[in-house]
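In what follows, chain A forms one complex with chain B and a second complex with chain C.
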Partner chain A sequence: MNLIQQTRQDALALFEKVGLPSKRDEDWKYTDASRLADLLELGEADTSLNIEGLGITDLDAYRMVFINGMLNEPQSNLPADVRMVSLADLQSDVADEDREDLAQLFKISGDEPLFNGLMALNAAVATGGAAVCLADNSVLDKPLYILQVSNQNNVLRHGLMLGVNAQAQVIEHFISTGEAHALSNCVTAVILKAGASLEHTRLQQEGKKQSHVARVEVKQLRDSSYTFHGVELGGILSRTDLVVSLSEQGASCNLNGLFVLDGRQHVDHHTRVDHKAPHCISRENYRTVLDARSHGVFNGKVVVHKGAVKTDSSQSNGNILLSKHAQIDTKPELEIYNDDVKCAHGATVGQLDDKQLFYLRSRGISEAAAQELLTFAFADEVLAAMSNQVVRSYVEKEAFAKLPHGADLDGLLGE
Partner chain B sequence: MASNEAIQKDLEAREYDAGFVTDIESDTLPPGLNEDVIRQISAIKKEPEWMLNWRLEAYQHWLTMEEPTWAAVDYTPTDYQSISYYSAPKSDKDAPESLDDIDPKLIETYEKLGIPLREQKMLAGIKGSNVAVDAVFDSVSVATTFKKKLTEAGVIFCPISEAIREHPELVKQYLGSVVPQQDNFFAALNCAVFTDGSFVYIPKGVRCPMELSTYFRINALNTGQFERTLIIADEGAHVSYLEGCTAPMRDENQLHAAVVELVVLADAEIKYATVQNWYPGDENGVGGIYNFVTKRADCRGDRSKVSWTQVETGSAITWKYPSCILRGDGSRGEFYSVAVTTHCQQADTGTKMIHLGKNTSSTIISKGISAGRAQQSYRGLVRMGKNADNARNYTQCDSLLLGDQCGAHTFPYVEVKNPTATLEHEATTSKIGEDQLFYCQQRGLSEEDAVNMIVNGFCKDVFDVLPMEFAVEANRLMEVSLEGSVG
Partner chain C sequence: MLVIKDLHVSVDGKEILKGLSLTINAGEVHAIMGPNGAGKSTLSNVIAGRDGYEITSGSVIYKGDDLLVMSPEERAWAGVFLAFQYPVEIPGVNNTYLLKAGVNAKRKHQGLEALDAFDFMRVVKEKAKLVELDPSFLSRSVNEGFSGGEKKRNEIFQMAVLEPDLALLDETDSGLDIDALRIVAGGVNKLRSPDRAIVMITHYQRLLDYIEPDFVHVLANGVILKTGDKSLALKLEEHGYDWVKENL
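Now for the complex of A and B:
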């Protein structure tokens, strides 16, 4: 049995031991994982879905397309200098000089922060995924766009490893077709070596009845930089655990999140940043706009370990409820074991500013439109951090369309 | 920074200066907890049967509960069978008439602490106001002063055991209505075995003519202190209640599981201020008080108001979350806290603001100072219910860290279900800024004075809202905690 097979077997044993998280777990207090109990079985993957026109079509990028958890090679095109190893290759006994390195990305242990059974299950049964390795000092000239289309339960596990001073932009886009009750379980493990820099976008637009659980695990070495954009627009129940470890001096991370929800959508992001080394910086900015009976959950935890002096950490979380039945639960946490730190967090829940509304109305904009614009502006502040303008304007359009009167105001957004 | 090191060193060397034991014989029940013990306590307190049954119910429920472990504190679990649940000073005569009847040693203890038991003489220098002291020495209220003046105003201020006998209708109506018997492990235990505490009833429209004050002091070895305080402000009433505690130095951990219930009816206001300076254990964390307190206020009426102010410098372990249930429309809750932990002290404290009524508002200001190897957590909940239209909350919790061994943590829960609610939460954690120190020193202040000034400024928001009568006490405590150690 090779390393990967062993890892999978251990993970399965772990899942059987811990099972699904329950509401009695502090980290799952607001999210009912028992709703996922029926969605764990994997059937035969239907890879015949028509994906014509899906995703961000005008994006100039390298593409990887997964259909129901299976890599669709004809639709994918990868840069020549990127080594991509599919999960299947990893499992085969074909020798690979970096297998141990890659296996790291697939390892799972019950002691990790925010560990839960779903993640163990992911490691055990993932049907697809890519381990992308970027060589030292290489810069990916175009973004890597990973489109994941599903209408069934699917389990994906990706690994991204950036070598010393390597740079890349990766966009994961989740779309479901149809209205099946199904679950996407996706794990992305990231390792950034010294000086590497990654901009990572996750755009969740699952179908109305599709659930989505994810874990993004980032390990950062010296002076590396990681930027995350988590955009949650779709799905019925979506939960993401974002775990960033600033393991060596000078590493920095920038985590942005935006939820625009309606209907009975439930989205939960748990983020955890571990400052383990001196002179690391973390920034976090999450915004939610909640309409109808939607429920947003945000938990941002920053842990400053002993010895992580000169830590600079700040976090902000803003929330707007648009409906009487919407609900937000937010918990920005700090755990600090060191005195030489500068840490701050802030959370707000509120409505639009009356003065701003008045200003717009005095310029002849109707109340509804003014509200819409201000809500959009509130959300867009997070998107401003996106460096890719094509992705940003796609997300803006999609987010705008989800606002109650968004469709009427399409013209206001411009091109 | 030299000064930070100096503070740290001084903080570590800081000794508990209120640590002394008054040697009086105590009338103590043997250690252990069972129904008989509860019956005995109830009998000693000459309680009616309904009270005994209430205690037994709580006890039965307590047996089914588990001690909570979610708090970020680490301690040797208490053996509840090794605690003596009742201890009364021997020389206690039923309600002593004057100070002359009181054991002189007791008076001496209070004098060492500077407690204004002797009429208002000691407080005269502060404001010339009247402070009634229902002094609790271990478990029995020993002296109650100013009773007459209060009686004239219609205010009932007495030990709770007396209230159970003399005002059963009020006690029956309100006891356990804010913190029910089954509320939590420590509250259930308290319900079963509480021995004393204060009872306050302010009738409709009465503004209590003086600040009410109780000084707790744990004395006899190995007795847990289970206080029960019940304060009721009827419609339009107003009362300010002060509670302060110090305890003698000793080696064994002592459990303190008090319950405080505040009932606030329409247009009424209760201000509840606490200065807590129980023995925190020595510098290695040996000994010290376990302080597991349940404090909750129920703003039942419209426009009612509650304000919790606390200055916490003592106890080895603190587990305390004074809460406000803002039920009435337009009701308001406030929480102001300064907590200082040094050596191996651990504090997990904060507040809960439950907004249920319309136009309710709350303010939370929490300042934590952590030094030595101490761990301090702010744990708070702000919940805005579906019907809490226009609810408003402002939360600020700041931590100051002194030393690289200490920790400061923040766990704020925010749950909002109403679109018109507005909430702001801010938290910062840092050490004293070198630029701040530099600025002060550049203006000619010594390092120590500069640090003092910055720490005082850090706590100012909270000290400003302490009642005048208490501000002096709080300042004295802070001096002992920090200033003394800096100079």
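Now for the complex of A and C:
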């Protein structure tokens, strides 16, 4: 048994011990993980799904396509100078110089921030994933687009390791086909070495009955920079734990989130940023637009450890409720263990601004369109942080289509 | 074009307009002056259709129709325009898109085809010159980060693009330095036309040096106390509003 196989067996033992999160657990107070109990078994993966035309088709990118958790090599196109290792390779006994590093990506101790059984299960049973190792000083010339299509339970685990001063843009896009009632369990572990920079988008657009649990775990070394865009449009129950460790001096992270929900969708993001070293910066901006009986949960915790002087942290969370039955639970949390820090946080819950509405109407925009436009503008402010304009316009279009009168406003979005 | 008769309006149970009457015809430029709290902004907001004003009696007839039953957007489609005293910032909504949507909503209402992007941009660029608006403002969010003067200039630019029949300028001169005032006034003058009525609400006579009104009204205590020509504004400047009250 190699190191990785051993690590995975340990993870399975851990899952069997702790099981699914319970509502008694403070971090799972609003999200009922027992709804996932029937969705943990992995059957034989159906890899025959037709994925033609799915995803962001006009994006110029390297692609990895996973169908029900399995890498589809013919649809994938990888850069020559980047090493990508599939999980199957990792489990073989073929020697690999990075095996020890990669084994780290599977190691679960149970003491991690926001630890829960689902992440242990993920490490134990993941059937696929990308292990991307970018060498020191290399810059990925195009984004890496990881398209993950499913109609069955599937478990994926990616590792992104960027060497010293390496740069990359990675987009994970989750889509499901048909009306499957299944669970995607996806973990992405990121390690950014000194000076490395990653822009990482997760676009969850699965089907109406699909559930999704995810964990993004980021370890940042000196002067590295991490930008996250978490976009939640699909699924019935979706939970993401985003855990960032600013481990060395000068590291910075920008965490952006957008939920546009309707029906009975339930989306929960718990974020945790640990400032462990001096002079680190964290920025967080989450916005939600909630219609019908949808439910959003945002919990953002920032911990400033002893010795993390000159920490600069700010967090903001804005929410618009379009229906009186929609619900948001938002909780910023700040724990500070030294004096020399600058920390700010705030959350707002509200309806649209009357003055802005009147202004637009006085210019001839109908009331419904004005509401829509302001709602869209509110959401779009988060997307403005995306550097990739193709991804941004795709998300804008899809988010827009979810608003009640989306179609009427098409002309307002420009060319 | 606009006939206001015995208009009574309350805000939060307090009567602000107390039987105001005013008639405005196409081609005319009116100035409404008056002290703070006289009801000047209430009047412009009621005409534009803002919520929060209780109309207890009286009527406002615009082109023969009851204006008070129309929504703000219906009024805009019918040719009413308000240049706001405090234009609101709308982050994320592009200035040009807003105007395009406004113009095309109005055209749709009039049974006209929507302007295509090319024609629209041609109109917009031409009108931007009218108020010497830097073209970079066109691609910015509505009023976001604009200085006070830029906001006012943007209002007149919007007026130029939307081509209203009845334009209300609510203290468009306040917060403008003398150069900006000259430019904005120049823009308004170019928009004077026999088919259009313009109503300027202002505290100060100096705006009227640049835009010469046909009529000057003094609004105080919720009614029009006195109406005259341009010379009335000069007398007001000299003697103050108390002079009007004393000389009734």
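Going forward, the second predicted complex is superposed on the first by the 415 of 415 C-alpha atoms of A that agree within 3 Å, B and C clash if a C-alpha of one lies under 4 Å from a C-alpha of the other, contacts with A are read in each partner's own complex, and residues count from 1 in each chain.
The criterion applied here is as follows: contacts are C-beta pairs under 8 Å (C-beta built on N, C-alpha and C of every residue); 3 or more make two chains touch, one makes a residue touch a chain.
This one's a predicted model, so the numbers in the text were calculated from it and none came from an experiment.
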Chain B versus chain C as contact partner of A:D354, first or second or both or neither: second
Chain B versus chain C as contact partner of A:E367, first or second or both or neither: second
Touched partner set for A:G53, first chain B, second chain C, both or neither: neither
Which superposed partner A:I336 touches (first chain B, second chain C, both, neither): first
Contacts of A:P74 with chain B and chain C, given as first, second, both or neither: neither
Residues of chain A contacting chain B in one complex and chain C in the other: none
Residues of chain B that touch chain A when the two form their complex: 4, 70, 384, 386, 399, 401-404, 406-431
Chain C - residues contacting chain A, complex: 48-51, 71-73, 75-77, 81-82, 84, 87-88, 90-94, 97-106, 114, 117, 141-142, 158, 162
Chain C-touching residues of chain A, taken from the complex the two chains share: 353-356, 358-367, 369-370, 373-374, 376-378, 380-381, 384, 409, 411-415
Interface residues, chain A side, partner chain B - complex: 26, 306, 309, 319, 321-351
